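Take a look at the structures listed below.
The same chain A turns up in both complexes below, where it pairs with chain B and then with chain C.
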Partner chain A sequence: MEQFQVRGTTERRAGGNRDRAVIGVNASGNLEVLVERVLPDSECLVDVATAVTGFGRIWEAVIQEFLERTSPGGLKFSINDGGARPDTVTLRLLQSVRLMEDEA
Partner chain B sequence: MLTDWEKQRTERRTRLEAGSRYANGKLVASEKTKVLLETVIRPGDRICLEGDNQKQADFLAEVLASVDPSRIHDLHIVQSGIVLQAHLDLFERGIARKLDFSYSGPQGAALARALTAGKIELGAVHTYIELFARYFMDLTPHVALIVARQADRDGNLYTGPNTEDTPTIVEATAFKSGIVVAQVNEIVDKVPRVDIAGDQVDFVIRTEKPFYVEPLFTRDPASITENQILMAMMAIKGIYAEYGVKRLNHGIGFPTAAIELLLPTYGEQLGLKGKIATHWALNPHPSLIPAIESGWVQQIHSFGSEVGMDDYMSARSDVYFVGDDGSLRSNRLMCQTAGLYACDMFIGSTLQIDLEGNSSTFTSGRIAGFGGAPNMGSDAHGRRHPTPAWLKAGRESWDGDRKLMRGRKLVVQILETFGEKMAPNYVETLDSVAMAEKLKFDLVPVMIYGDDVSHIVTEEGIANLLLCRTSAEREQAIRGVAGFTDVGRGRDRKAVEALRRRGIIRRPEDLGIDPLAASRQLLAARSIKDLVTWSGGLYQAPSKFRNW
Partner chain C sequence: MSNPVQPNEADWYEASARERIDGLLDPKSFVEFLGPEQRAVSPHLAQFDLTGAFDDGIVVGRGRLDGQEVFVAAQEGRFLGGAFGEVHGAKLVGILRAARDGANNDGPRAVLLLLDTGGVRLQEANAGELAISEIVDAVVKVRSAGIPILALVGGRAGAFGGGGIITACCSRIVVSEHARVSVSGPEVIEINKGVEEFDSRDRALVWRVCGARTRYLTGGADRYVKGSIRDFREAALALIRNAPSFDLVTLVAEQQRLMERLQRFGDCRDAPDIWRKMGLPEPERIAELDDDAFLAIRTKGADHDAR
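The block that comes next holds the complex of A and B.
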């Protein structure tokens, strides 16, 4: 088990009005993302708990790219990872931001 | 001076006479097969032991691998597939020495070991029609050991839906004074249809067990991932729709199975029915059943058959090529030719892609062979008929004189950035380069050459290589969709953004694709059982795919 955080500053508030959303499952090769609108609009935070150790640099690259792509101001992401590949992580993160935009 | 112009016919008669001692007419009892083969085969012969990626002359393979190597040796094996253990035993036991083939899927690792150990002298790895072409040029078989479902006493053969390579092998062998031996499941008074005429068949053996067929083209929808669905959505919207691709071939991977299962759902939402994917050169993929049942597909010609699909295809003769007897007629040579000259697009997966877009399925220690992909996935320079898709691809790639512009085939590689165990699918150098050096090949095995590839689709986006004008642009276009692999992380971010502005790289958001829509709910069938239901119970799924 490995745990770490990536913090970012954002240009704008993430869209939508939902306070909270969950997507995915913590299963082998998959991951669960909990998103909460709990931070100031200029900040975001990704908390990662992963079953697989030693991929810290790739995680950081995946998360940085995601933050640049979506600028999710105000959102805190908590990831429970079961050893998902980077492409799956990116997809889930993108889906979670979209879910926050949907009507609750 | 007298010249003998009939040495081959004389030789054939001698062998036939010797062999007929073990036959009753053309029929040979199965226990006499070994002595028959030892009689009609001579050391050094070129032998085609029928077997491809689907059906196998498995009984004849077992018997040939058991002949006395002091009598039969130094055979030159010229066949589509090295698939069975018996095929490798021929070389291990010293019965065969030289090999020219096309496909080796499951035996890829064993084949590489045998080559390294010097047990096999390799001629070349071919595409299917390339090997067939050589049957008529410099690799004509002396003896063909073939397989069919039924024979009558005159040797007329019924192959059933798995006709595949048989007519081509028999044509080359029988009309060049070779000998044709067939294994069949049954002897009948009258065959349902004549797939191979009896006068081209010399000996027939009924086997105890029916011949083996591999269900190679069955993909369980339950295993399709959301990223594969996302890639399939991008391909449909960004390629099929944009070029109006009507005539095509699909490879066997999960991403293309996802495309097949999205036609009646996502394709329908986009209003594409009748505008794309109407005519196919394709094996009978069970995953295409929902699209067929929804009226998307006008016609399909097949290389071979697929386990469990027989009744469904018989009941859909408007779509498939079906004989008057009611069963499918497949033909690998004809279908490969259709794929080469009459398809506007090939889309398939591979195992590795390099920075020039070259792809290979030869990864460390595995010689998987080529099968049909290099033929399907190449631009046919002999093509002369235009279609809108072919002309559009041509326009995108052509900077020369517009009056003399030629079209281009769309050759699409659809491959996620990472494979099994986090192995990157995008690499600086293909594994096959080192393998070719180690095994002293004259030619590095390349599945599809980069200059034939028009698009690469990953979960990160589509790279349109037709629009690239320099090798540097091409490299950045590939890096720009290679995700978090080393190759992808080595991108020049500014160059990639510039390519994106020119539409050379397109992300899901550039195509208006919502990542939330990339859900398994979008698949028209989410399990093998759903496919059975779609078929109205006509599709009989093989037992290894049944979990109900």
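The block that comes next holds the complex of A and C.
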């Protein structure tokens, strides 16, 4: 298991009014993402716990690209990962931001 | 883009624990207790270098089913096989005790257990076994207080080990074709008794022994449904209305039924032998029928036991 954080600065507040959402399951090749609207609008944070060690640089790249695409200001993402591929990680992160835009 | 699939048309087997609850209950009625943001995670898994789940693999809360207040617990079968650990078990015990405590006031009309579990988590086995005992105790007390408990089983993990025992203690049991309900799982039997006793890779054998159709035809499940979340919802609504009372008369009748079943089928070597004795048409083909054809078979045995 490996744990690390990726912090980012954001240009704008993430859309929607929901306080939190959860998507996905921590299973083999999958991950769960818990999103909470708990940070200032100019910040975001991704907290990762992954079952697979040694892929920190790929995580960093995937998360940075996600932050650039969505600018999720104010959101804290917590991840429990069961060895998901990078495309699955991106998909779940995008789904989680989309869920925060749903009606509360 | 419009929603191509409404939530309750979705397949129970493919859905997550949260999707099952959302599709089962009235829209937006679910209120979760101890949700993922509370981070009630397992204190043990990290010692084994395992990542946890924010809800420890079980979602508990209350909601409405056709307007009636119900308590609900759903296991996530894809996280550690839905297995029971300390926190996971405590959450289920907690919701059952809350149901019991509300029995004479504003308590729930019923408790729905969406079981999807391989049994107890090996990494926290003692705590898990204790949890199973506490859950069985709590199930009995909830039923004694006059609140029916329904087991809904149709996930990929089935209901094994302590999960099989809990299922059997419920007022009513609903299964879909994917469901398997048993105590010792096929691989456990094979490891302990050898492949000649039980070949766990023979999926047809596994389903003939502990699968939904066998359970239903022999009275181990009360309702067989086709497998959408809506099917489970409709079955739950119907069964809440006719749940049996939990008293001595019911238990004596159930004991009698089981003794007669053992006497009648005790020498059968495989499920088709039972179907033949029951006089079912084409006993070898029961497993191959589609759900509609299977449901057309009228049988005695189901729907008249202690559950």
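Rule of thumb we're sticking to: the second predicted complex is superposed on the first by the 104 of 104 C-alpha atoms of A that agree within 3 Å, B and C clash if a C-alpha of one lies under 4 Å from a C-alpha of the other, contacts with A are read in each partner's own complex, and residues count from 1 in each chain.
Rule of thumb we're sticking to: contacts are C-beta pairs under 8 Å (C-beta built on N, C-alpha and C of every residue); 3 or more make two chains touch, one makes a residue touch a chain.
Values in this document were obtained by computation on a predicted structure and should not be read as measured data.
By the touch criterion defined above, A:99 reaches chain B but does not reach chain C. Of the two partner chains placed by superposition, only chain B is touched by A:61; chain C is not. Within the superposed three-chain model, A:87 lies in touch with chain B and out of touch with chain C [touch as defined at top].
Of the two partner chains placed by the overlay, only chain C lies in contact with A:36; chain B stays clear of it. On the side of chain A, the complex with chain B involves touching residues 58, 61-62, 85-88, 90-91, 94-95, 98-99, 102.
Across the complex, chain C meets chain A through its residues 16, 18, 35-37, 46, 49-55, 76, 78-79. Residues 225-227, 230, 416-418, 422, 458-460, 483-484, 489, 514-516, 518 of chain B touch chain A in their complex. Within the complex formed with chain C, the residues of chain A that make contact are 1, 20, 22, 25-27, 30, 32, 34, 36, 49-51, 78, 80-82.
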